[in-house]
Every structure is written in structure tokens, then in C-alpha cells.
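Below are structures written as C-alpha cells.
Below, chain A partners chain B and then partners chain C, in two separate complexes.
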Partner chain A sequence: MAEGNTSSKWRFNPGALAAIPASVFLFIGFAGPLAMVVGYSFMPAKTFSLLQIPTLENYVSVVTDSYYLSFFWSLLLASISVFLLFIICYPMAYGMAKLFGKWANLITALIVLPLLISENIRLFGWVLILLKNGILDGTLKYLFDITASGLLFTVPAIVLGIVYVYLPFMLFPLVIGISMVPESLKEAASDLGASRWQIFKEVEIPLSMPGIMIGGILTFILALGSLAESKILGGQAVIMIADDIESSFTFAQNWPKGSVLSVMLIALSGIIVFILFRKIDLDQIIGRR
Partner chain B sequence: MFKNKINRRNFMQQTGVWAAAAAAGTLPKFARAARDKELNIYCWEGYNSDDVLDPFRREFGAKVRAEGLTSDPDAVNRLRAGETKVWDLVNLNNPWAREMMYPEGLIKPISRERFEPMYKDMMPAFHPPYSWAMDKSGKDLLGMTQRFGPFNFVVNTNKISRSMGEDQGFNIFLDPKMKGRYGVLTYDNWNIYHMCVTAGVDPFKKHSKAEIASYAKVCKQIFNGAKLLTDDLVAMNLAMINGEIDASFTGGTYTASPARFDGAKQIRGITPKKGPMNGKGGIVWIELTSVVNNPDPSGLSEDFLAYVQRPDVSKKVAFAEGTYNPVTQMGSDKVMATFNKEELDAIQWDTLEEEMSNSTDYDINPDYSEMYDIYSAAKREREG
Partner chain C sequence: MTDRAETFLELKGITKKFGEFTAVNNVNLQITEGEFFTLVGPSGSGKTTMIRLLVGMDQPTSGDINLKGARLNDVPANKRPTCMVFQSLALFPHRSVGENIEFPLKIAKVAPAQRRERAHALLEQLHLPLDFYDKGINQCSGGERQRVALARALAFDPELLFFDEPLSALDFRLRKALEKELKDIHRETGKTFVYITHSLEEAMVMSDRIGIMKDGELVQIGTPHEIYNKPINKFVAQFMGEVNTLEVEATGPTTVRDINGEGDFEVNSMPDQFNRGYLIVRPEVMKLGPGASGLPNILKGKFFNDYALGSRMQYQVRSSSGDQWLVERLQDEVFEGQFGDTVSLGWRPEDSILVSD
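This part shows the complex of A and B:
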């Protein structure tokens, strides 16, 4: 009887009914393609139909081949980029949340505006700056007779690209995270004799941790799947996993192998997000508690 | 039918009626009628240029949609996967029509009566019957040629002379002195062919284990010696012009022409004088545009094929945005008259005939799949 009541409540719950179109759309547009990718990963190599006898041969091939190198580089560069982004963005975010007042809006606009320009075009801008005899090299040669060639087509150039492109995705969660730290708690800590470093370490960082975690997860996942930075600025000095996935689906015409690599990347991202989300409380971030 | 006003009460009912009508196949009749004024083109970039398409749209009152493709095998696979229902024309490199698409029923023949005379106006090498445009029996005409060009490697002639490039051929990239002085243009299918040539192996035949081992060794050496890898010809040209690198492993008129047209005449496509393909060291590609075997065909497909043969349109195709290339229609004085000296210089017209005679036609590599795996592993394991 109780179960029947629950069921009829659900059926006439306007929230649940209103969610049906979005749920159907999500199921078809999001879960459906993901399921197809998973399905293809079990199909025989270099085939284009899902109606075949499943096999693990693609997983075996990916594990025994040298794809670990692409995963390694993607993970390493994503980790380095997130670390650098945190170091760069925290002071900026602190200023925007606590110090700059009305100027924070101007800074926000200046950071958001470049997002309206295609990522590739922005990266090409950096190519012109870093190129041998380009803007930086040419200017330094002219003014100080020193050369800055050899910056382009290197691993640091890829990291520069990732940090540049994904900076807003770290900065704005940090701004929100830092804004959530009540001034009264800092004052209380100060009254109780805490030093500035202690306040930073034991009050500000822990209380702004939701913003730090969200920014970190966002930028890590984006950097893990990045491709343009390695292609345009790095001259593919290293091959990122996204490049292997793209090549598998295009030139190699091996959809099942591309699907295996995609599934592994999604699983890796999923595990990392799962672990990190266990450490933060989303409800706290959006202020329900 | 429209007398019944739609109101809030009968909205769902009316929607249901229309949905049922659509599902029952009533509506496709309207769609079919529209195909007379609709054309979908799947092509290498150039034919999708508005300079080429807009005059056709205006003249024929047509709705033309064109999508650029990224690789021949990819395009063929999309047609195999059912996109023959989508496209009316497909523009690919020469071997695919005769060897794959026609035998598999993906394309259909065009009127020999209407189009064969147009082949007579083309450059002599393309006069009818032009083998890549015919089916294997020599009976059916499978499409029209237009853009073509040698595709081998590109150098900055201020650093590597044309004669040095032509004499040494692809071996120049194996010279230890070239380490860090060249880029690899990651047009992967082309690179596989040229890495075969570099290994002294004809790419267009079945290969022995020893030949594949030689190819694998060259793959590693080429990737390990490269300063950069890019699939962007502009980035590659820029790196050559600014002195980051002196040469591009794979490239040709197709990639060098934009830089040359911008004044960087030192950027030049090179065709080796000799090599393993019956003594030839260069490869030339020829595009063929064919009519897709669409179950609901457009009435404009052959009209478009005829339209792009016109002298002014041929020129627009040759100099569409992005890359500039010779066209087979340059056998006609009327077409030649549309090109000025600068444009001819950009497409290396002065050496084109010689380069063509040192080249063999692009074909299908029977070991592509195995060689691709070796190639992608060498790229991934590259030691910078």
C-alpha cells in the first residue's frame, strides 16, 4: 500500500514529469553515444558494425602496444598544468574576491572576452609570438641582441598553451571558493593569535577547498583530453591520448580501437572525479547547508 | 486540411496526425520533389568554396550543401556506412572510384556522350579514355578529373637547392645532418607512401616481411629526426619561412602554393628524379568527382560536373581559398588565359610537366592497415 502511494506520488509529481523531456534528451544524446562507444570497443578491429561477436582483442592490443606513453604524457601534462594554474590563479582569484572591488568586474570581462575567439586562433597568436624570428625572438634580438628561438614545438610550449586556454576554468571556481570564506572567521582566528600564514593555511585554504577542487577537476579533465595545444604549439613533441583517439577514428579507420582508448580515458577521468568528489561536499558549495 | 484551426485542445491530436503522416511516408514526397533543386557535395576543400558554389546556386536556383573531407578512406567508409543517401557528388583521389566505389555500387556512371568531349579539352595526359576515370572494363565513365599535382616533399630553396632535393630524393631526410631541420606533415596516408619510397619500397604493391621491416626502420628514423609534427600546411610553411625548419616531409604544389603565392618563392615542392616505383620517385594525385549512387538522386549532379568544367569556374577551383593547384582543364587555351604569371609561378607551372614525368599515379596500398599501425607506433614512441 505504501509502495502504491509512493508510485502515484511520483507519477503526479510535477518535478518528475517536467524532468522527463530532459531525461529523454540526456538518455538519447549523452548516454546513447557513450553506450555505443563502449559497444564498439568490444567489436573486432577495423569493423564498422555493432552486430558482431564481442571480443577483447582491442583491449589486449591497446594494453600491449605503446599507448601507455600517450596516457602518461596526457596525465603528466594535465597534472603540471593544474598545479601551475593553481599557483597563477589563486592570487588573482584572491584579489578579485577580496581586494579589487569594482575593478574585479573589468578583470572578469578581460578574461572572458578572449573566450569568444576560437581556441585555435588564440593558439596561432602564440605561434607568431614564439616562432623563431617571431614577435618575441625578433624583438629581443632587436632590442638586446639576445635570441629566444627554440621555444616553440616543445613540451613547455604545450603546457603554456594548456595553462593559457584553461585559465578561466580554474580562476572563476577559485573566485567563488575564496568568496565563501567569511571574513569573521579570519578575524576570529587573528584575535586568537593566529599568524597570517596560519590563517591562510588553516582557515582560507580549507574553506575555499570546494572552489579549488572544482577548478582542479575541471582543468584536469579538460587538459587530459586536450589536443590543439599539442598540435599547434607543441608540434606534437609528444603524442597526447586525444591525438591517438582522433587518428584511430580517421586515418586508421579503426573505430573499435578508438573506442577502447576513449573508454579508458573516460574511465580514468571518472575514477579521478569520483575520488575527488568524495572529498568535497557539493551541497556546501551551492549553499544548501 | 488547414480549415481546422489548431487550438489548445486539439494541438496534441493535430501533432499526432502530422507525425503519423510523416511516419507513414506521406511527407517524403515533398522532400523528394525538393531534390531537383538540391545538391549535396562531399569533397576535398576547394569545391566547398563560396566562389565556386554561389554562382551555381544563383544560376540553377539550387540549394547546395558541401562538406569538406579529411581523408579518402574515411570518405569511402562513410558512403559504405549509408551516406550514399546523403551525398550526390563525391570528390576523391583517383584510385577510389575505379577500384572500390564503383565495384561496391557506391557511385554510378556519368553520360559518356555528354562528358567525354570535355576530356578532349584537357591536358594531353588526361585525354580520353583516361584510365582512372573509366571502370575496369573500360565501358563506363566514372567521373571528371580536375585538380591534380605532384605530392612528395617541400624545401626552402635558400637552404636546400632544388637540384639537391631532386637528386637525393627522400634520402635527404635520412642524412644525420637533417636531424631537427625538417617537419613531418601528418597527412598520415601520404606519409606511409613516402616512407615506403624513402625505404626504397614501391608502396603500391603487396610487401614482403623484409620490405615492411625496412619501412618500419624508416618510420622511426623520420619521426625521431623531425623538429615538429603538424597537420597544418600553413604552420609548416610558416616554420620554413621563419627558419625553424628547412624542409617538410611530404608536401607538394598543394601545400607550397599558398606560401609561394604570398611571395615566399623559396618554398618549393620537389619531385625526386628517381625512386622505387618503376624507377620513378614521385607520386601525383588526381582528383575525380563522381556521382554518388543516391537512391533519391539530385537532378543537378551532372549539371554541376559540367559547370565546373567552364574556364572561369575551372580557374576558381584551381585557386579556391586554402590551396592552389593545377587543373586538368589547363590543356585549353581559354582556361590558360585566365591564369597570370604570378599564379602560374605559385603552382610551379614551369616544372610541372617534368615533375609529372618523374611521378607515378597515386594508388591503393594493399598493406596500408599493417603499415598504419607501425607508423602510429613510431609517431607515439618518437624520441624528440
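This part shows the complex of A and C:
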């Protein structure tokens, strides 16, 4: 009885009270702008006011226009990049988690270090390398008399940029995922007759799936919304969806159209993540169920 | 089945070094088919290294491992007709009970229907309900997981099973029950079991023969009876549990004297060239109070304390020189005495065990 009285004095539990400042901040800074973007997507074209009569005209125009091409390129390049990132990062992550010992720390530092430099500056570094008569082209010409002048402003250059910039976001989740696989399970699999490849397929991949999923989703979403890579390294080779969104908001001064594209991109990412998490039950993999 | 005593698994001069450290030193051992053999030793005695060598997860620095006369050294772990139950059990958390049991069969490309049939048979053999087939590993209790791990190890019908202290994580009661169950499974299957543990008591319950390891060497091999009654040295005698130990020197063909002046004691026989060593007397052979009178080996002390061990009572008596003696009695012949009383302790010469080191 006495307990009931004291607890009724506190109408919220301390956890909820402590969460209020962060919740307010998140609501204003994160949910607010998102809600505004959704709101603008229903406003008439080219308006800057949120108080017009809602309309679907922007959605209709975006769907009937050729924006599907930009979505296609974004999805394609993001998929290719994630695939390449996985191929490149898995062996690296395996080494860092299991083999390199104290050297893993040095490698971690070397990979983190470039993150301190602006993405754009790093991409301009690649421009200097890939440019006609640039570092790569010039060196090859000088040493082997081979020309590599057409590398910049191509689709592969964009993929190179995405892979280069987002590598840490694939690598580190993989390191954690792989280090979560107990050695004894691999030994047990081997003892039960499994070959190296079977151990990899039946034990290592499934058990490091949380890391693979997080790395994959993180880099996929980042690549889907990437802008600088296609602008700086791609020139006008292809238009990705983030280019369209940016130019709608800036050059075209058409906020509603930019908002529609943003909403569609967010929805697309959300659906993909949702499907992936439905298909792969992380709790079950980790063994919480 | 014609000649069961034929050597099945043979270890010849097995040595394993990690850098300067010798983990296993020149171990020679023969295990016969169908035997339940247990390697016992404290942590750091090299028993875990031994089992890793036997399973094929490590290679010996020198020596040969032969299975049915064929050299096993160069056969990788996944090609050996042996299987191991891990200390951690190493069950796959992302697979169901059924999938865990079927794993070795899936690897061997056995058809799904046959795999399922085998898994069901194993569940039944290990007294697990059939609906466990679809259960998650983490929904199983400790004892159930133990059974699943054993079922998985038995799945591809290995000729030889290794056990790396699989019961050590379980509580006392469950461990006791599973020890016996494991021995029953050994009887039922007739397979050769090689078990390692740090508990000689556990080894006694289950094994046909026991090998005691210390500092990478096999100190003594024998049946539980031999190990218990004829320990080769103080280490083996004390490893079994609480024993009364006296440092003694020989004074005659069947007499020894305690070097701390506790007295002269009679033994039945003396090891060859015994000069100085230890006299071991187990608590349960000692007599206390009136029962001790008339025995050739007798000494006096103060009754200090008693301990209830369930089926037995244990009494501690302190002699004048400060030695602590333990005496055990069954519950139906408890000793009635006051703490601080002076009491007599005694034992028969044939219950004296003499060891040199």
C-alpha cells in the first residue's frame, strides 16, 4: 500500500524523464524536417509555402517523367558497390579479426585516418589520379607507353569513388561480425567432417551475418544517397537520384518536386531494409531465440 | 569382436611443444576397442593438448598416433573417423536441434529423409522427445544440450568418440546423473570412448581404465580399482580426494617411522628399495574411538570437528604434533564424542599405502 502511494507521486518513471531532452531534440531536429519534406511533397509545384491545398500532382509528374532512370542508376551503382565492398572487405576483416593480431590496430588507424579529411577533398585526389595526363595516365605513358586517359567521368569511376569512400562502413561491421564466430564452432564443424569451404558456408557466413547485414545495409543506403561521387568523379556520365534531388531544391527551385523524390528514395530504402530484416532473423542467428 | 584386447588406438612417444614449453612429453598409450578410457589431470597437465592432438586439431611435435594400425597423424580432422564432444559443446546456435544433429550427415551428403530418420533415432536413444527436432539450441537446458551434442557426435557413427570435459559446466546433481547415463550409452553403443576431465571422481564412475596426467606426462594407467588402491605416488593418491598423508622412513621390513615423531607404523609390504616416502591412509579405512583399540597402528589426538557428507560422516582429529587426521564413517555407525576429547585412531597394516614420491 505504502509503495503504491510513493509510486503515484512519480507519474513518469525516471527512464522516461531522463529521455525527455534527447526526445525533444530528436523530434525537432530529426522528425521535424522529415515531416516537412513529406509535407512539401504534397504541395503544388514550385511553391515555398506549406499551407497550400494538398495535391498529388508532383507524384504524378515524377512517376510519368524519366526519373526512373536516375533511380535505376542509383540502385544499380549502389548494388554493384555493396557487392564489391563485400568482396574486398571480407578477407580484410577476416584478417583483422583473426589473423593480424596487434597489427589490426594499425590498420584500423590507417583506415580511420582519411575519414578526418573532407570527402570532397579525397575525391578530388582521385580526380588528379584519374585525370587525362594525370598521375595514373602520365605514369603509365612514361613507363609503359600505355594511355589511360578516359578513366575520369565514367561509371566505373563513380563506383570506385563509392567503394573508396564507404569502405570503413563495410569493413568495421564485418570485423565485429567475424570476431563473433567462436573458434570452437569452426573446430567442431571440421571435426564433424566439414571442409574449409563448408565451414565457411555453413558456419562462418551465417554466424557473421549480423555484421554482413549491418555493413551491407549501411553502405547500400549511403551509396543510394551519394552525390559527390557522381558529381566529382562521374561528371555527367550518369545522373543519380541524389543529383536530381539536389538540383530540384537548388537550381530548379522546386521544393515540392525535390521532396517527392526524397520521399520516394526514403521509402525505397525503407522497403529494402524491411524486406532484408524480414528475410534474415538476426536474433535467431545470434542465438537469442 | 573376436579379439577385443587388440590395440585400437595407439600413441607412440607423443610429444607436443609450444616453443620452449613442453605440453605433452613422450606419452605412450594403448587403448583397446570398446574401452572407456579417461585421461585425468589438473589444469595445465596437458590433457587438453592431448585431446586436441588425438582429434587432429593440433599436430604432435614428434611421435605417432595409430588407429587400427594405420597412422593417423597426417589425416586432417575432417577426414578422421573420430568425433569429439567439446567442453563448450560447440553447438551451432543458428541451427535447430535437428539440424545440429544432422550437420555431419548433411556434410556427408546424406539424403534429407535418411538424415531425419537418423536424427529421430538418436533423439530417441538419448531420451529426448521427438518434438525437440525443431527446437532452437538456446531453448534447451544444459542437460538437453549435452544430449544434443552427444547425438551430433554419434550421428555419423564414428569409431571413436572424444570428450573434452563436457560435464564441467553442469550443476552437481545433473553431472552425477549424466556421468552414469554416458556410461550406459557407452555400454549400449559399444564404441570406444576417450574422455578427459580434471575430476578423478568422475573418471572413477565412468571409466574402464584411467590415465593420470601431470606436467605433460602420464603418471599412472590403471583400472579405477588399481588407481584407488595402488596409487603410484603421492600425487595420484591425493588427487582422488582427501587422504591422510605422513612423511615416513623405513625402519624395518614392514615398519616405517613418521619423521615428525608421530610414531611407528606397520605396513603389509614395502615397495622395492623403499627408504623414505609417504604413508597414505584413506579416511574411510581409519577406525575411531573404541574400534581402534587393538590395532597395530594407533595414535592419539583431540577430536576437533565433524562434517556431514550425506551418506557418510567425516571427523577431524588433531594429533599432538598438529597433524590433521580425517576419519570417515557411514551414517549408521556415527561416532559419539565431545569436541576436545582425546580419542584413539587406528588402522590395519593392509590399509597402509606406501609411495616413494
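One rule holds for everything that comes next: the second predicted complex is superposed on the first by the 266 of 289 C-alpha atoms of A that agree within 3 Å, B and C clash if a C-alpha of one lies under 4 Å from a C-alpha of the other, contacts with A are read in each partner's own complex, and residues count from 1 in each chain.
Here, a residue touches a chain if its C-beta (ideal position, glycine included) is under 8 Å from a C-beta of that chain, and two chains touch if they have at least 3 such contacts.
All values derive from a computational prediction rather than experimental measurement.
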{"item": "First, second, both or neither for A:Asp244, with chain B first and chain C second", "value": "first"}
{"item": "Touched partner set for A:Ala252, first chain B, second chain C, both or neither", "value": "first"}
{"item": "Contacts of A:Pro206 with chain B and chain C, given as first, second, both or neither", "value": "second"}
{"item": "Touched partner set for A:Phe153, first chain B, second chain C, both or neither", "value": "first"}
{"item": "Contacts of A:Lys46 with chain B and chain C, given as first, second, both or neither", "value": "first"}
{"item": "Residue contacts on chain A - larger count, chain B or chain C", "value": "B"}
{"item": "Intersection of chain A interface sets (partners chain B, chain C)", "value": "none"}
{"item": "Of all residues in chain A, those that touch chain B in their complex", "value": "46, 48, 65-67, 69-70, 124, 127, 131-134, 149, 152-153, 231-232, 235-239, 244, 247, 250-253"}
{"item": "Contact footprint of chain A on chain B as seen in their complex", "value": "70-71, 73-74, 77, 80-81, 183, 186, 188-189, 227-232, 235, 238-239, 242-244, 369, 372-373, 376-377, 379-382, 384"}
{"item": "In the complex, chain C residues that touch chain A", "value": "55-57, 76-80, 82-84, 86, 88, 90-94, 103-104, 106-108, 136-139, 152-153, 155-156"}
{"item": "Chain C contact footprint on chain A (complex, rising order)", "value": "182, 184-185, 187-195, 198, 202-203, 206-207, 284-289"}
